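In this document, chain identifiers A, B, C, D, E and F correspond to the written order of the chains, with residue numbering beginning at 1 in each.
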Amino acid sequence: MNTGLAHYRVGDQIETFLLIKSVTKGLTQTGKPYLTIVLQDKTGDIEAKLWDCTKEDEERYSTSAIVKVAGEVMSYRGRNQLKLIRIRLATSQDAVKVQDFLETAPLEQEKMMEIITQYVFEMRNPNIQRITRYLLRKHQEAFLHYPAATKNHHEYVAGLAYHVVSMLKLAKSIVELYPSLNADLLYAGVILHDLGKVTELSGSVAPSYTTEGVLLGHISIMMSEISEAATELGIDGEEVLLLKHLILSHHGKAEWGSPKPPLIKEAEILHYIDNIDAKMNMLDRALKHVKPGEFTERIFALDNRSFYKPNF
Amino acid sequence: MNTGLAHYRVGDQIETFLLIKSVTKGLTQTGKPYLTIVLQDKTGDIEAKLWDCTKEDEERYSTSAIVKVAGEVMSYRGRNQLKLIRIRLATSQDAVKVQDFLETAPLEQEKMMEIITQYVFEMRNPNIQRITRYLLRKHQEAFLHYPAATKNHHEYVAGLAYHVVSMLKLAKSIVELYPSLNADLLYAGVILHDLGKVTELSGSVAPSYTTEGVLLGHISIMMSEISEAATELGIDGEEVLLLKHLILSHHGKAEWGSPKPPLIKEAEILHYIDNIDAKMNMLDRALKHVKPGEFTERIFALDNRSFYKPNF
Amino acid sequence: MNTGLAHYRVGDQIETFLLIKSVTKGLTQTGKPYLTIVLQDKTGDIEAKLWDCTKEDEERYSTSAIVKVAGEVMSYRGRNQLKLIRIRLATSQDAVKVQDFLETAPLEQEKMMEIITQYVFEMRNPNIQRITRYLLRKHQEAFLHYPAATKNHHEYVAGLAYHVVSMLKLAKSIVELYPSLNADLLYAGVILHDLGKVTELSGSVAPSYTTEGVLLGHISIMMSEISEAATELGIDGEEVLLLKHLILSHHGKAEWGSPKPPLIKEAEILHYIDNIDAKMNMLDRALKHVKPGEFTERIFALDNRSFYKPNF
Amino acid sequence: MNTGLAHYRVGDQIETFLLIKSVTKGLTQTGKPYLTIVLQDKTGDIEAKLWDCTKEDEERYSTSAIVKVAGEVMSYRGRNQLKLIRIRLATSQDAVKVQDFLETAPLEQEKMMEIITQYVFEMRNPNIQRITRYLLRKHQEAFLHYPAATKNHHEYVAGLAYHVVSMLKLAKSIVELYPSLNADLLYAGVILHDLGKVTELSGSVAPSYTTEGVLLGHISIMMSEISEAATELGIDGEEVLLLKHLILSHHGKAEWGSPKPPLIKEAEILHYIDNIDAKMNMLDRALKHVKPGEFTERIFALDNRSFYKPNF
Amino acid sequence: MNTGLAHYRVGDQIETFLLIKSVTKGLTQTGKPYLTIVLQDKTGDIEAKLWDCTKEDEERYSTSAIVKVAGEVMSYRGRNQLKLIRIRLATSQDAVKVQDFLETAPLEQEKMMEIITQYVFEMRNPNIQRITRYLLRKHQEAFLHYPAATKNHHEYVAGLAYHVVSMLKLAKSIVELYPSLNADLLYAGVILHDLGKVTELSGSVAPSYTTEGVLLGHISIMMSEISEAATELGIDGEEVLLLKHLILSHHGKAEWGSPKPPLIKEAEILHYIDNIDAKMNMLDRALKHVKPGEFTERIFALDNRSFYKPNF
Amino acid sequence: MNTGLAHYRVGDQIETFLLIKSVTKGLTQTGKPYLTIVLQDKTGDIEAKLWDCTKEDEERYSTSAIVKVAGEVMSYRGRNQLKLIRIRLATSQDAVKVQDFLETAPLEQEKMMEIITQYVFEMRNPNIQRITRYLLRKHQEAFLHYPAATKNHHEYVAGLAYHVVSMLKLAKSIVELYPSLNADLLYAGVILHDLGKVTELSGSVAPSYTTEGVLLGHISIMMSEISEAATELGIDGEEVLLLKHLILSHHGKAEWGSPKPPLIKEAEILHYIDNIDAKMNMLDRALKHVKPGEFTERIFALDNRSFYKPNF
């Protein structure tokens, strides 16, 4: 579908509902107050200026409010900007809700939970299965709503679960090609590897890092979580140790945040699967905005590379 | 099967045919000449000393000769050593040949060629298909016999072809999971990525680097090869450019030998597939020698890590 | 000579012809369109704003057009800016042409070609001589017009040829001091080392990188060029291999873009000569704008250093 | 006192009890078995060869046995070696015990525990105090016997406790000089920072890394320990988070094993205190063996530097 | 006390004397001149704009002048800005002087000199004592007024002396804990380590780097100073060599500006003491502006970390 | 000339005078003493074993003694070894002296001094000229005998002076090609850049590092030397500052030992000239031992590269 902020071009006249993503107040050189409002829908966002704003405007147009705007798309310093003609708050009659404006994973949450549950169900090692199921249930609500990251990849509602589903499929292919891999360990590693993010991040919409997230990080948070699960379930085998190691090492190197490098085969593969799925997600999103024969913008999380879209 | 050098233990008495892998002459402290002979079969190798050797011994026992030896397995500085009791050259009556002592890929060469040919056959882009087929045919003989590297991974007869076959299967799985990938480009990249090794290395047995290999490297060698194929076939489209780019960038980073980093999606994935298959090969080989609950030796090509073999 | 943009100071009134280097359209805070025009002559460039521009202005004042302007030099955020009083397109009566506004190498192109030809003529190895001559002729037109780089050093018309001429002289001095060097190889390396830039860059004026340039780079482009020349001329000796190696290694290290480090003496020296000439060019240009006892601006390509100009 | 292995010189005749630190079996060039025995006392160790050893010798002289030896100190490849004249196992009449041969911290364990307990006693934050006391008690036995590391610094019996005592004194000085520091947090950090080593290492004598130690490391092991203590004690405040952060960040940087860098003042200081005490320990030990005006051997853990001992 | 620029908030009306820290002239988009004036008091600084300024304004309001201003604190791009209502130069009747507006060390200069002199007095090695006293006297005036750095830490009047006093106290504690340290050497190293800054920097207020400072640096400047002192005093022992080494190595590593790493114990400790005091100074200053439960701004000189202020 | 140790081959019988480079005493496995003697002439060195040596042998055959030996060249672990048949000390009748066995620069010392003096004589800046002449005279004796380094390049008698002479010629060529360079500064930089080595190293034969050399390094040593020269000569201009900067920065980067990077043009060029001459010296020496079509041993100081010697 080709409507939405990602598709408007300079000169377009638009009249539509949008969600306020952020608001900052500024002063013109001559000392007059104005608001810089970032508006979003499912496809992207755009900046708008509300000149000569009043005290009431400031209170009215705050983050997470839905507004109806009319205006024209202009270009300012190389980026689109919306020149506002009219703006008002949405009312209950407008029958719009916040979710309508948030990008969401392309699979339904129930469907994703069903797929993941099936992988857990098929595990043959009872210790691994019980710990995975325990932690998944404990955080299920957040797990199904959180993004996988605040930016770079899967940074949308339910991005975390979607990332896990994709990785599970990839893991399954690899297990079939290299049968010496322990499927239970690998699948459990996939499901749990980023689960600490539900504590590291503040929520599913416009998440920021929590204090615990900054001071410990999602990897170390999971050390305690797995310990607690094992104690709770009375499990005390090598499986606990290896699950912890899988989480600890999934960033691959100390300088990428893993206090230990992968030291079992499944940990090495988990690191690769995580990377491939994150990068394919970033690449697909970046290349979507580009025509054949052109290059994407530089992508910071991909070593600042600019990728080419072939003509054939 | 549990016979062969990899399986003998200290104290075993052996009498068997072996291939001479290398010979070096030495002097004892008192100035007497002796030979250090490294002997091999399909499963591994072992060192033996021939004390008080004669001129005739020196000529007789040279690299690639097959010998019949009798002796006892001893331990010297932590490694096995064969204490020779008898040694003689094999004769035509012994009916043994060099291939009997070389490790070879676990798939037959005809089978591998068949699989690869099928991938080429299914390509839909005629330019990519023709260049791939041309280069594969040109180097087919060497391609089916060379190892994929002089050490580290797939360092056995037909290792290069086996590495390509494994990578093709992995590539196919990934293409199915991420349908935005161009399968033709990716498969062609897999088939051609290390083909320059048939020029970079000196042969299929005990290969060393050729002068051309040292001064140019297999990546740059393929730049000329693809140019020449395209000229020969009269092909002049973006496919040629992208095939070259795939080869050029498959080591991922400048410091790993790629003059350009991957700048198309298929190049990024090619780099990952190459890594996964090489690492799984190294890990499987290293872990084969280790009991559950123990660690492998440090593996230089895996950042000098020592991997753990779980107990379950 | 002290006229030209590099020499004007704040407060100067100017009326002169200038070339439009680039144009971007902007909007004022109140939504009015204006043009930011960068104007240049042989000595430098300056930014000007055309407020309240019309549709016709936008079409009229485009890149590569010559205009006559009158205005005053002002200072804006520490850089000079031209406050426009009048602007019009040049007409045929004005008898000005684009070349009049482009910086060009300080030697004439015919003179440079003559010098280089003499070096080729004096080569004693026929294989090296023929390949060098072949490739020089094939790309002669572009070689004599292209800059040596898009920025940093020799970034002007015929900068590539001028860089080669300076390097040849330096190479000659070094060969005389270290007679074990092979002069033919070194001179050929100098002449060919950056010749791939005529494919990597888009043209001699305001060059950008071509798609081939981004995906392969001038070093790998030359691999195919030398192969093709050797095939065409029926040459097949070690000279071909070493010429390729010289090109491949002239950036010195993998992380600077060379897939192989220099492995012959002449390659090591080529790398140094390239560096010295590029750096002297950068330093002379940067120090020209600075008074004795002062420091230059930071120079990114020289590790971001700021150089001092002595008082004596 | 100047007796002990560290003080013998080439040519000395010795007759004394020593502890067997390690034994390895070898073969001479002519195939005869011998034992390489490393012997130790509190001051150091020395290698000895037992030629023509019997099966009984092999069983008799194993690691951790005490032997009485007579022999002469020789030099072999630049290192001292003991030429054995007589060797026998110690008997119960000899009245020697293993501890007599192990280097131990210069403070008694009870004294060290008393000092540390006093620091805990003076803590004013009850949460920090209770967690610290809980974990100290839980691991008290091992804490008082383990070394602080397997090599480099405090690598002797009770080295861990001694390292903590020294750091506490240093911490106290720094708290007095910079009163904005939270003493409770800093002291708790000092006491707990390396406590995970009692799980990471295998024991107090000749410790190696446990599997858990290799796969998780002492830093991550403490994440679970602090969680468990807090749960057990019903504590749930910011103190738990900050104690975890102190442990997590005490190696200072990701590449040195800390998944998070110090992000509170006390964590930054903890990292410095740990370094200063470890380095002073290494330097004092290395300089002890050196005369004024000379340099120590290179010390790997101090960036491979060789330190100078001044003449005054 | 809570008055001063650091404490004003958006909306405050202020009328006070302030010192002009810097002035830059600018032009509005429509070409009108204005001044950007940075004003400071002991607690901080703030930017103000003087629109439509005259030639007289430009001359009047120059760096280091004291002005009386009235205005309102506004927010501009996330930083405070003073909207000027009135501004005039201070007159002699106003009885204000430059020192009133400069941040100064929390100890009086006489007091600091007294403390340092005491440390010198107690030195027992006469060579070290005499060199230290000689250099301290030679540069006493500047030493007592200069900051320790142009930014990052102790960047205020007499910051250098205050940094030395704090380091001396810390050194004393450490000498008491590790009695093998040579106190004289360490104290002399503390006192002299940054003394070259009085040549490297241009003055005590708003210092910039001198040409000598840029081309040699304070470390190399001290090489000549100590040589000259030793020659002047007729001292020629190892003390001279070691004092030079202490200065040379106090940045710890080549990449941090030390041509030699610490190679004596006291040099290693000097490096640590310097770091601890500088970092505690930075941290205390950064955390002062932050409420409990919040993070500081990123601190560049602390690896760009953002520190947390605990709630208890 | 093809006699000398560098030219002997396995099997050669030799009888000649040689200089003892070093001696170490060892013990055979059975406890008998022997001497390992390294013998040298101008072309190279060789190891010999003196079995069953007596006390007298130990005293007689010490470093720097000249001996007459007869023996046969053998191969031991891939290196040549001399099997001694006879050995005796040289006597006065033999008329041999130490210098006959030391490698020396290919130019006579007087000739080199003459060339350098001419460069000094032609300097036009009297301050630079006087300082250079002063320091050259002060250290002339050592300057003409010392090597330029203990290993890697110009590591022979008078190597330092020869390195300077070569660099001066190269500097002259570069000054002619880039006339904006200040020749006086550059020549003075060349002459003085390594002069501190006469203090850093212990002598002209088999030099080691002095304590001053280890703790300060030749770069910092020259800071004091230039200061002292300037004071002595009553010179106080920018020339002193720039000469110091040239010395300080000639290693190019902090991590290569230069506390400041080059910040004037002549310093940048000095760094390059130093590199080119050192590398050409290393390459010529390494390639001398290699046949066309072969590679040298790995050269540590050249990034461990192995260089190729072309066939033409």
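Everything that follows uses one rule, which is that contacts are C-beta pairs under 8 Å (C-beta built on N, C-alpha and C of every residue); 3 or more make two chains touch, one makes a residue touch a chain.
Keep in mind it's a predicted model, so treat the numbers as computed, not measured.
Touching subunit A and subunit D at once are the following chains: B, E. Counting steps between touching chains, the shortest path from subunit C to subunit F takes 1.
Of the pairs listed in B-F, C-F or E-F, the one whose interface repeats that of A-D, with over half of its contact pairs matching by residue number, is E-F. Distance between Cα centroids is largest for the pairing of subunit A with F. Greatest centre-to-centre distance from subunit C is found for D, with centres as Cα means. Between B-D and E-F, more contacting C-beta pairs join the chains of E-F.
Counting the residue numbers that touch the partner chain, subunit A and subunit E have less than half of them in common. A straight line joining the Cα centres of subunit A and subunit B is 41 Å long. Averaging C-alpha coordinates per chain places the centre of subunit C 62 Å away from that of subunit D. Residues of subunit D in contact with two or more other chains: 211, 214-215, 242, 263-264, 295, 308.
The touch graph of these protein chains has some other shape, matching none of line, ring, star or complete. Annotation, chain-chain contacts: A-B, A-C, A-D, A-E, B-C, B-D, B-F, C-E, C-F, D-E, D-F, E-F (touch as defined at the top).
On subunit B, the positions that touch subunit F within their shared complex are 25-27, 29, 31, 211, 214-215. On the side of subunit B, the complex with subunit A involves touching residues 125, 166, 169-170, 173-174, 176-178, 180, 182, 185, 237-239, 242, 261-265, 268-269, 272, 275-276, 279-280, 283-284, 287, 295, 302-303, 305-312. Subunit C contributes residues 28, 49, 74-77, 81, 83, 293, 295, 308 to its touches with subunit E in the complex. Looking at the complex, you find that subunit C touches subunit B at residues 211-212, 214-217, 219-220, 223-224, 226-228, 231, 241-242, 244-245, 248, 254-260, 263-264.
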